[in-house]
Every structure is written in structure tokens, then in C-alpha cells.
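Below you'll find a set of structures to go through.
Next come two complexes built around subunit A: one with subunit B, the other with subunit C.
Let's look at the complex of A and B:
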């Protein structure tokens, strides 16, 4: 009753099934529902999923690196959501913080520095911009008691149009009006697998995820954040300042989102710029929330979930061109949506224990034949 | 005993039978082992056992809320297996939980109404209120009806929890430590009510750690030890000594010996006599302290007192008379309206809890689930709550020293005999009493200058409670100051060097325990100066 309500399903699931197993079951359920819908619409789900699988994880030369590359920003935006959730808050602002971070990253084009330093400065700028942008909702919450759910959504809109404006008028490339100036070579993440989008930004995402893990579970500061998220009254009793944990988690979440903005500009070939309408950024913040949920709001779980979602994205692109009756890319989003729904709706999720029980019953029925039950 | 004959006749029928119940939790803990038990109408059964013996687990299984790993619960009325407490209530089984199952933001009336209605029916609040008022008069349990229950003191919440279940027509009533925060008078009234229910043919199971209560009300006693049923006897046929021995087993250990010696229920008096001469300098000084409450504008009125080093200052009273607010004000959890409070001459009003702890304060909170523990956290994580910034637990860059923390927890587990699978077990998986031991252990291990203890032995078994009391006394003797707030009158009287009786935010009197008779205390607690 008193446990932070947001954190249900992180430590204990509604179903009593292990969280990781529940995520896997949700993913399977999502794929099944997707298959049913495909059948209803006259597509061949086996062929489609085969294409999706091959497109996502079919080879080391192109498919897997592409899936990983698609997962990189998702890792970071998922961390934004999870850090704040661990602190007991529902931060929906990753999207906007990422836009601002991306815009800040692009400004390095106006600087002249040698290679690693230029890149580093850009990353730091993006991180700082994300953090500063996230302080808005945090301060509104602390000083005026504004719900962070509302304020982060509002801030998403503000930043969206702010960045639209910046892209169109301030950072615009005079020769290419549909995009901003390009980030110079000295500030780009090196490409790891030639011919793919996979850049060294993946190390940044990986490193940040590990850092968040270490911070939350191995430092007193992270301990305070988690305690405040799980039981604010007990945290206060334990001498923990809730103000501090709110500010800290929002700032750290903002850094993660800002880094996502850096990854999608300084680490995303071929443009290395923000295209007007933000097609390379749009929805990565929201998808990150789905990744966070499937990853159980744990940095390590998020890495796997991001790989899965990245694979869905990458594979979906292949799926839509495969066979004579290709399945449109939107089907992938149906699958994603179903997965999230399956985990978000407790009643729906009751199916899982039933499935597990049915499975056990099957095993048991098979048991006596082998003389196991006496 | 008048109705004994009538009850004898009913014996042949049973209401509920547990057959070969075993419960193994997911982490492998065997909480209940092969227990077979029958509950009959018109009978009050006492369920006894040390902390972690499996009492709560067994009763949850009996009430159909927790599926057993092996065995079954049968009733002539049908299968006993429910998805929610309400289904159980509809079947005729009501359970008063050790850790209350109340909706914090709802008032008492709403909480009770909630247990009556189908989920989507409009709440019949007016009818519920009328029923509740009648029930309060009959049972002697009074609660504020229109205040969100999370604002109530633990003792008041306990009363709401009991009323919630009593308000339903149930055939089987299970009470898991219902009296842990009630005063003796409230217990007497509750018991009178339970006897009436027994007379109406209800079946009642009562869990308690107070052997006197067992003797006072039960017809039959069932004793659990490490999950196994080791005794099922008529109350009239056993002595308290035998019960205590059953609980702890024949094996002679120091703790066991102590429990047996204590079985007479007399808490040995510990007051340092002639304390006025022996006590040291003042530690806590409170003057004109006025504290707002959640349910009333002022909960503590213009209170002044001192607690000296080397003394235990007890505050007795019915829960909800300002004790919680006083303690919260002194520990930085609630702002005061007026007055001063100092520790060693340093002002503490307006400081946050961390700053107050730095002055050498340990706080054992009354509500272990709301304040004392972060339930999903492990034992280790809970054991450093409030001391997580101490240099022995926190190294450079704020990195936690898990090695040292685990060593610390292991020493707590050993010293306080906390039953757990290890430092990594979630606090949620501990039994109520073991959770209490963890909190008390954590706070006393701070070796503070002053201990502010609310209900420190709530839910502890006889041996563990005595162990904690011994530690408090020993700390007193080493010159620490102790502020003890407890509804357990025996405890306050036995331990305190001076006792204050609190009523509606004021002290009705402060005296040495031997100067007060129980009758006089009862009157003072009821607000009668006499």
C-alpha cells in the first residue's frame, strides 16, 4: 500500500512471475497478437516474422549492427524514464530533453577544435542542455507542486517548437535549408562497422547505463534516490532529503536524454545534422518509455530491451519489402504497443500465471509417464 | 464458562479444517510444516509461537488468501480459496491483519464501506456510518470516522482494522496480533465483545504474544514452533510455563531460558530506584511545545519536560492522544507551532532528521511499514537507513561499502536473532516481529545519546521483547537517555524511572511508577484527574 505505486512491477509483478520472465512473456504475447492481426488482414505472419528476424539479427555485417544502432538512443531515453521512476516520479520529458540536447550538439559546428576534444565538448554540451531543460519540471514540482507528468509533457511541446525554430532559423545550413549545419568530422562519433549506422555512440550509451547501475546500487546517493522512490516517508525518516533526490534524478535523466540527442546527431550518419521536422529524433523519447518498461526499469534490463526494440525497428524495415505481399512497417508498432499494453494492464497480465500454470500442468501430466510422480 | 455445555454440543461440527498444510515460500523458507487443525464454532483458539514461527502465514492460509504448497483447507460450506479479502468476507471469514489492510487516503467509514460493497456499487456511507457508530459503542473501540486513516496513529489504525472486520457478519474471525498497540482497558473491552461473538457461535482465532491474554480469553491454544504444530491443548489444562516451554522448545539456550523464566508475564521492574539522585545531566529539554496534528489543529498542548541521562522517561496513554505528534516533532518529521526543544542545549526544532540524528538521536518509529522500513529493500539496505552516510558504510565518491554493510547486518541478525535467509532477503519477507527486531537493532546499534522509542517491542515475542527491554535498561545504566512511548502499560511501568500519562496532548501527571496504582493510571489515561 505504501510502496511507491509507480514501482510496482519492478520488484514484484502483479502476476507473481519473475519480472524478466514476464517481460519475455509480454514480448511473446505482443508477437502473437501481431500475428493474429496479420492473419486477419490476409498477411502471412510466418513469412513476415521470418523476414523481421532475418532483417534484425540475420548477420554480423549489416543486420545486427543496424539493430544495435537503432537501440542506442533508446537505451538513453529509457534510462531517463527509469532513473526518475526509481526516484518515484513519472518523467515523460525524455523526448523534449533529447531535442534540446540534439540542438545543443549541433552548435559544436561553430567551434573549431581537434578530434577527440571537439567530440567531447559536443557531448558535454548536449548533456548539459538536457539536464538544464529537465530542471524546469523539477523546480516546478518542488516549488509549486506541479505534477511532473503534466509539466514534462508541456515541456516536450515547448522544446519541440523551440527546436523547430532553431533548425529553421538559427542553426540552419545556408546552402541546405531543410537541415541544420553539419557536425564537422572532428566532432563525429567514429563509425564502428562501415556501411552501417553503428557508431561509437554505442559505447557512450553502454557506459552510461553501467554508470547509472553503479550509481543507483553502489553509492549512497543512488541509495537515497531508490529509498525515496520506494517509500518517501521512510526516506524522510532516514534523513534523506526528497528535494535532493528529485533534483538529482531529474538532472541525471536530463543528461541521459541529452546524450540521446548527441547520439542521434553526432553519431548518426549520413547527415550528422538535424533535418527539419526532426525525423531522426521523433518518438525516440516515447519509445524509450516502452523500452524502460520491458527492461523493468533496470539499466541492464534496458540494454536487452533496447536491443529487442532496435531489432524490431531494423527488422521491420526489411519486413515491409519482403515477399509479394509485404507487411507494412506499422505492424511493428502494433507489436510494440501490444507488448506495452500486456505489461501495463494488470488484468491482462493475469493471463501469464495462467499460462505458467497450464505449462506446469502439462509438464506434470507428462511426468507420471516418466514415473516422476509417485 | 456458563455456555461450556452449549459449546460442548457444537463440538462435533467444525467450521474449517486444515489438513496437512505446508507452506514453502518462493525463496525456499518453510514457514508452515504439515499442520492439521480444526476450527469449531463457539470457540476461541489462541495461536502462539515465537516471531517467525509461521502464525501469520498459517492464518492467511486458513482464511484462503494464501494458497498452501501442500495440504488443503476444507469447510462444510465449500472450498476455501479466495482471490481477495472481500471474497473471504462473503464466505464468512474475516481477518484482522498484523499489518493493516487499509486504504490510507480513505476515512474509517470509507474503508469499512469498501469491504462491504461490490466494487462498482455506490458506497452506502450513511448506513455504514450508523453501523460503525453502533459497533464502536458495543466494542469499546473508538476511532475518528472522518479522517483519512493514514493520518491516524498506529493504535487508531489498529482499531479501524478491527472494526472493519467486526462490522461484517463473519463465522470465522481471525485476529493477527490485534492487541499489540491497544491499552489494557481497550483489550478488556475488545475481549468482552469477542466473548459475545463466541456466545453467538462464531469461531475465533487470536494471535498474541501476551500469555496473559491467552489465559484470559481462549478455550484452546495451538502452539507453532518453526512452522510445526507442537501443541493443541485446552487452555484450562496448561500453565503459562508449559506454553512458554512449548513455544521455545526444550532445547536450552539463553533466550529460551529467559522466555520460560518470564512466562509468569511479570515484567521485572527495572527502574533505578532513587533515580533522582543517580540520574545525570539533562539531555532532552522540552518547554512549552505545541504541535499541530493531522486530525486536529493542535495535538500537543504546551508540553514541558526533561529527559536526563541515565533515565528512562515513559509516556503512557491511549494511542492517538498526541504521542505520535510529539515524537515526530522531536525527530524532525513534523514542524512545531510553539515552544522549544533542545538536545544537549542545542535547538532541534526546525532541523531535518539527519541533523537531529547527528546530535546522537536514535528513533524507533511506531509504524514500521510507513516509517521504519523500505519493504522492497533488502535487509542490508534497510539496516543502513539513516546511517548510510556514516564513513564506515560510505567510502570515497559516495560508494557504498557493501562488504562492511553486510558484516554489520550479519552482526545484527546474530545479535537480535533475526530470522531471515540472509542480508539479501527483502525486508518484506520477514515476519512482523523480525521486521521490528531489524529496526530496533539498527537504531540501538547507533549507540545514541538518546533513544526515542515508540512501541519498541510491538509484535515481539516474549523472549525478544525482554531482550530489547534489557538492552534499553543497559543503555540507561550506561548513561543514555531514553524516551519510551508505549501503549503497553506493563512495559512502561516496569522500565521507566518516571512516567507521564498523556491525554489529549497534555500530561495528566508525571510520577515514579511505584507511586501510581493501576486504577489511578487508568483514570488518568481516560482524562480523569480524580
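Let's look at the complex of A and C:
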């Protein structure tokens, strides 16, 4: 389990400064790099960010609910990554587990049930599918020692083609070949703010985040999972079954990713189906890793980070149509990647004082020369 | 099944082997020195894009050089984060991959058609005509590189220093070796090869760039490194195996009989990667200090 060592420094901040401050600094750094790239390509970053901010948080009627709606699947895929990271593993498989969960959620269209039960069955199917799909990498790790970094990525590609196949041949709507059958009204999450994408799926995401918090920090099993992540050797000496913590954290992560699949099918108007090419799902699993990092791999931190990234996505959609020379939505992912790079630095907060000190030293060196002249 | 069609399969395999082998042997150098870069996928993708840009400006050689340059630039950032800044290598690698997804999609839009850019035939690297048909010259680079790196790691003082830095950085430090600088150089070399592999895909092989051109090859290269146990010669064999199954998928799709849906054919390389890796792990030993930033006590 050599990944255990690769994780050193992920959980704690070395500086003792409040972790949220580092996340904010990383976000600022990401936005700055984004601005530089926009300038290089001849865009006006000021105008773009202004459009993004207005589009993300400009009002309570449409903008903020839309940002929250975009954050919902990110909360869940971020939890997938964070649960496993807390257990000492790099689960990059949320993307594929979410695809499989979404496909499972669509199968409720073939069932006939009254409203709350139909919805519930769909959610459970998606959760189970995500969990089952996540067991592949977990078992390969336990039985064959395969690094989950490689296996989860391979499972992502396999599930992608599997769901392509299901969308094209099995779940396809006979009248609309470019998408699957639609999820019936009795299995849809009710819309909370009319005219927006914000559905009751947000309660599911919030509830699951709180459940993960309770499980990891307030139960014995959760303590074992975190202990195994901090120091697998010591945990094993302490009588903790690594086999159990690996299976549990992968399964729990798979449930979260499966629920993200449910949220993006049963809770996302107007299609309530999977469209060929998976445009509504693509990359949400990877974006979730950025959310997890900025949320410091803590369920409560993830909620705030998901709101920030949901806002970036929602605002980015406004930004790409704003002004004479609009900035493409893809810019948002450039910003995300930079933020994650910055989050990799354990002593980010110290870099700024160091720069200030270096600046002062320069001034001081220049200072006496001026003093002598006077 | 004809003789020509089998020869086709071999030719596609040789072409598919190049990016995996180059990326894998580069990563072997980096991992020998103790750095684990999961951002290779992103470097491949950005290398392909920047390579296509370079080819448009100055022809195929400029394109390949641009890919190398991109690989160097990205891995210098990664290397500094992983050494001097004592950052978490896994997180930095994830950041590179995310950044690449956005950067290439953004860049493709700037070139006109979103999602796709074709490299003009005159900007593509010409192929050599051989008895086996037209082969890219980079196939020979990819065949030679593992041997050069094997010699470098086994027979030179510099190769020994790399191993020392990966196995026991404290001892290397005491012996007067600059641990961080050595690691930075090693990972930069690996990044340069990954950048070249990326540019090869757009400038010499596919002749186009898409948002998903790398298609998991960076991770398949990581699987190849695991398979090889840090032996460059085995990485060549691994690159050939994985290249073969990618080609087999391409080749099956060209067959007139369509018995298997293409989605299942496309899964093949990823399933084989899982099978091969799960067959070899356990007997592989990695450097002791792999993935751990070096801090002087």
C-alpha cells in the first residue's frame, strides 16, 4: 500500500492557519492565472469575471438557485474522492461510478410505482449501481494489490463505453434515438424554484454529506477508516481491519457517485434522461476532485466549495455569451485545474509573507542608497 | 483474414506503441528519482495540442519541439511543487489533468471548430517507406529510447545518483548530491518525453487534435511502469502489449463483419490493462522514497 505515503500532508495544514484561508488563496491564485490566460488570448478578464459573478450570484430568483443546482452533483462526487482519501486512497473513479448510477436511475422508467416510492427506488438503484461498480477497484486492490489510481481510471473508460452502449441500444427511447427513455414524473425530484434547475436532489446531497460527516467523525467505524488513512501500519497494529476500511470507503464513495448519477438524471430538467455522448454527466466526477481539495476533504467544507464551483459553472454559462468577445465556458476548468495545483502546496499561506519579505528586502537594499543621497 | 490485414494490424500496433512507450520510459526515470507524476495524461493532451499549433507555425519538427517544450514547462512546475514546495504529488498531478482538460478545450475553440482541429497534411511528419509499409520515424525513436535509458540507469554515474535519490535521499544528501534538483531534472526529462509523445499523436499519427485524444494513454503508461517494475526494456514490451490491444480494437472495427458492438470493442484496451496489471503486481518493488518530498532534518 505504497499510496499511503503519497498522501503525506494532504490532511493537515502545516501552518496552523485556518484551512479555509488556504482554499481562498488557492481560489484567488486560480482566478489570477485564468485572467492571465484570458489576457494572452486577447480577452477582457475583468468583463468576463464580472459577467461570471453576476451570472453566478447576481440574484435570488434565478442565479443563486442555478449555482446551487450545478453544485449538487459536485458535492456527491467530491464526497467519493474525500471518503477514500480519508481512508488513505486515491479514488479517481467517481466519473465512471456516476455514469453507471445514472444508467441505473434511468431504468426506473420501466417500473410503475406511485410518487415518493418510485423516486426512492430510483435513488436506491443508482446508489447500489455506483457501489457495485466501485467494488471492482477495491477488490483488485485487496486481492491483487493493483493501485486504485490505475484501476479506477480503467473502470471509468469501461463504464463510459458500457453506458454509451446502454444509451444507444438498451435504454434508448424508440421515438428519440439521441437519448434514453425519460424518467416519469413519479420518479423525478420536485423542482424547488420554478424556472430553474434546482430540484429536491439538493436535499439528498446535503443529507448524504451530513451522513458522511457523522459516520466518519462520530462512529467507531469512521474512526477506523480515518485511522487507516493517517497511518495504515499503526492502524493494523491497533487491530483495525484494513480490508474492511478499504471496502467500506470504496462502497460509500460508490454510493455517493451513484447518487450524483441519480441527481443528474432524476433531478435535472428538462430532459430527465441520459443524452447520447453524456453531455450532462461528462467530467462532473473529475470536477468533484477539485471541489474535494478546496473543501479540504471535509463534508462541510465540500458544501461551500461545491457552491463556489457550482457558481463558476453557472456563471461560466453566462460568461460565454456576454459582451462582444465572450470567453468560452472551458476557461472555468482551466481555473479549476490551477486551483488544484495551488492546493498541492502545503505551505501556500507562507508563500505570500515570503514574497512580502523578499519585496521588503529589495526595498531596504534600495533604501540606504536613497538615504545617502539625502 | 489476409496477410495484408495482419500486416496492417502490426503496423497500427507499432504506431500505437510509441506514445505509451515514450511516456512510460520517461516516467521510469522520474519514479527512479522518487517522483510520481499522475499528470502524464494531461501532458500528453496538451503536448498534442501545442504540437499541432507548432506544426501550423513552423512545420512538423517545430511541432514536435513545441510538444517537448510544453512537457518541460508543465513538469518543471510539477517538479518544483513536488520538491522545493514539498507539495503532494498526487494532488499536483490531478491539477495538471484538470488544467489540461480546460486548456485544450479552450484552445480548440480559439482555433475555430470547437472540439476538433485537423493538422494540415503538409504540417504532418512524413512517414518512412519500409518493407512493412509507411512507418513514422518516431517508431524507431521509441524502439531505441528504452535501451538508451536502460544503459543510462544501469551503467552511468548519473543513473546511480538517480537511484540513490529515489531510494535513500538522506544518504544522497550527505554524499553531497542536490536531492531536489536531481529529482526536478529527472521528472522534467520524463515530462519532455511525454510532451514528445503527445505531439507525436497529433503531428505524426492521427493528424488531428480532439478533447479526448489522449484517451487514458497517460494512465496506461503508468500501468506500463507498474508492469515493468521500473525496467525500461520491459516497458517497451508493455508498450507493445497495450499498443497491440488498442490496435486490435481499431482493427476489429475495420472488419466487414460487425458482430460485436463497437462500444465493447473500445473497452478492450482498458480491460486488458486491468488484467495485465493485476497479473504482475506484488512482485514489483518501487523506490523507497517514491512520492515522499525530501525534507532535511
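What we mean here is this: the second predicted complex is superposed on the first by the 330 of 374 C-alpha atoms of A that agree within 3 Å, B and C clash if a C-alpha of one lies under 4 Å from a C-alpha of the other, contacts with A are read in each partner's own complex, and residues count from 1 in each chain.
As a working rule, a contact is a pair of C-beta atoms (placed from the backbone, for glycine too) under 8 Å apart; a residue touches a chain by one contact, two chains touch by 3 or more.
In this text, all values refer to a predicted model and were calculated from it rather than measured experimentally.
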{"item": "Superposition on subunit A - do subunit B and subunit C clash or fit", "value": "clash"}
{"item": "Subunit B versus subunit C as contact partner of A:154, first or second or both or neither", "value": "second"}
{"item": "Subunit A: partner with more touched residues, subunit B or subunit C", "value": "C"}
{"item": "Contacts of A:326 with subunit B and subunit C, given as first, second, both or neither", "value": "neither"}
{"item": "Which of subunit B and subunit C A:289 touches, first, second, both or neither", "value": "second"}
{"item": "Which superposed partner A:221 touches (first subunit B, second subunit C, both, neither)", "value": "first"}
{"item": "Contacts of A:239 with subunit B and subunit C, given as first, second, both or neither", "value": "first"}
{"item": "Subunit B versus subunit C as contact partner of A:269, first or second or both or neither", "value": "neither"}
{"item": "Partner chain in contact with A:230 - subunit B first, subunit C second, else both or neither", "value": "first"}
{"item": "When the two complexes are fitted on chain A, the stretch of subunit B hitting subunit C, from 20-28, 56-64, 74-82 or 110-118", "value": "110-118"}
{"item": "Footprint overlap on subunit A, where subunit B in one structure and subunit C in the other make contact", "value": "2-3, 7"}
{"item": "Touching residues on subunit B, where the partner in the complex is subunit A", "value": "101-104, 331, 333, 352-354, 357, 363, 365, 369-377, 381, 384-386, 388-389, 393-394, 397-400, 402, 426"}
{"item": "Complex contact set, residues of subunit A against subunit C", "value": "2-3, 5-10, 37, 41, 90, 92, 140, 144-147, 149-151, 153-158, 161-162, 164-165, 168-169, 283, 286-287, 289-290, 293, 328, 330-347"}
{"item": "Complex interface listing, subunit A residues touching subunit B", "value": "1-3, 7, 11-12, 218-221, 223-224, 226-227, 230-231, 233-241"}
{"item": "Touching residues (chain side subunit C, partner subunit A) in the complex", "value": "36, 38, 42, 77, 81, 85-92, 94-103, 105-106, 109-110, 114, 215-216, 219, 222-223, 226, 261, 263-264, 266-267, 270-271, 273-274, 277-279, 281-282, 286, 290-293"}
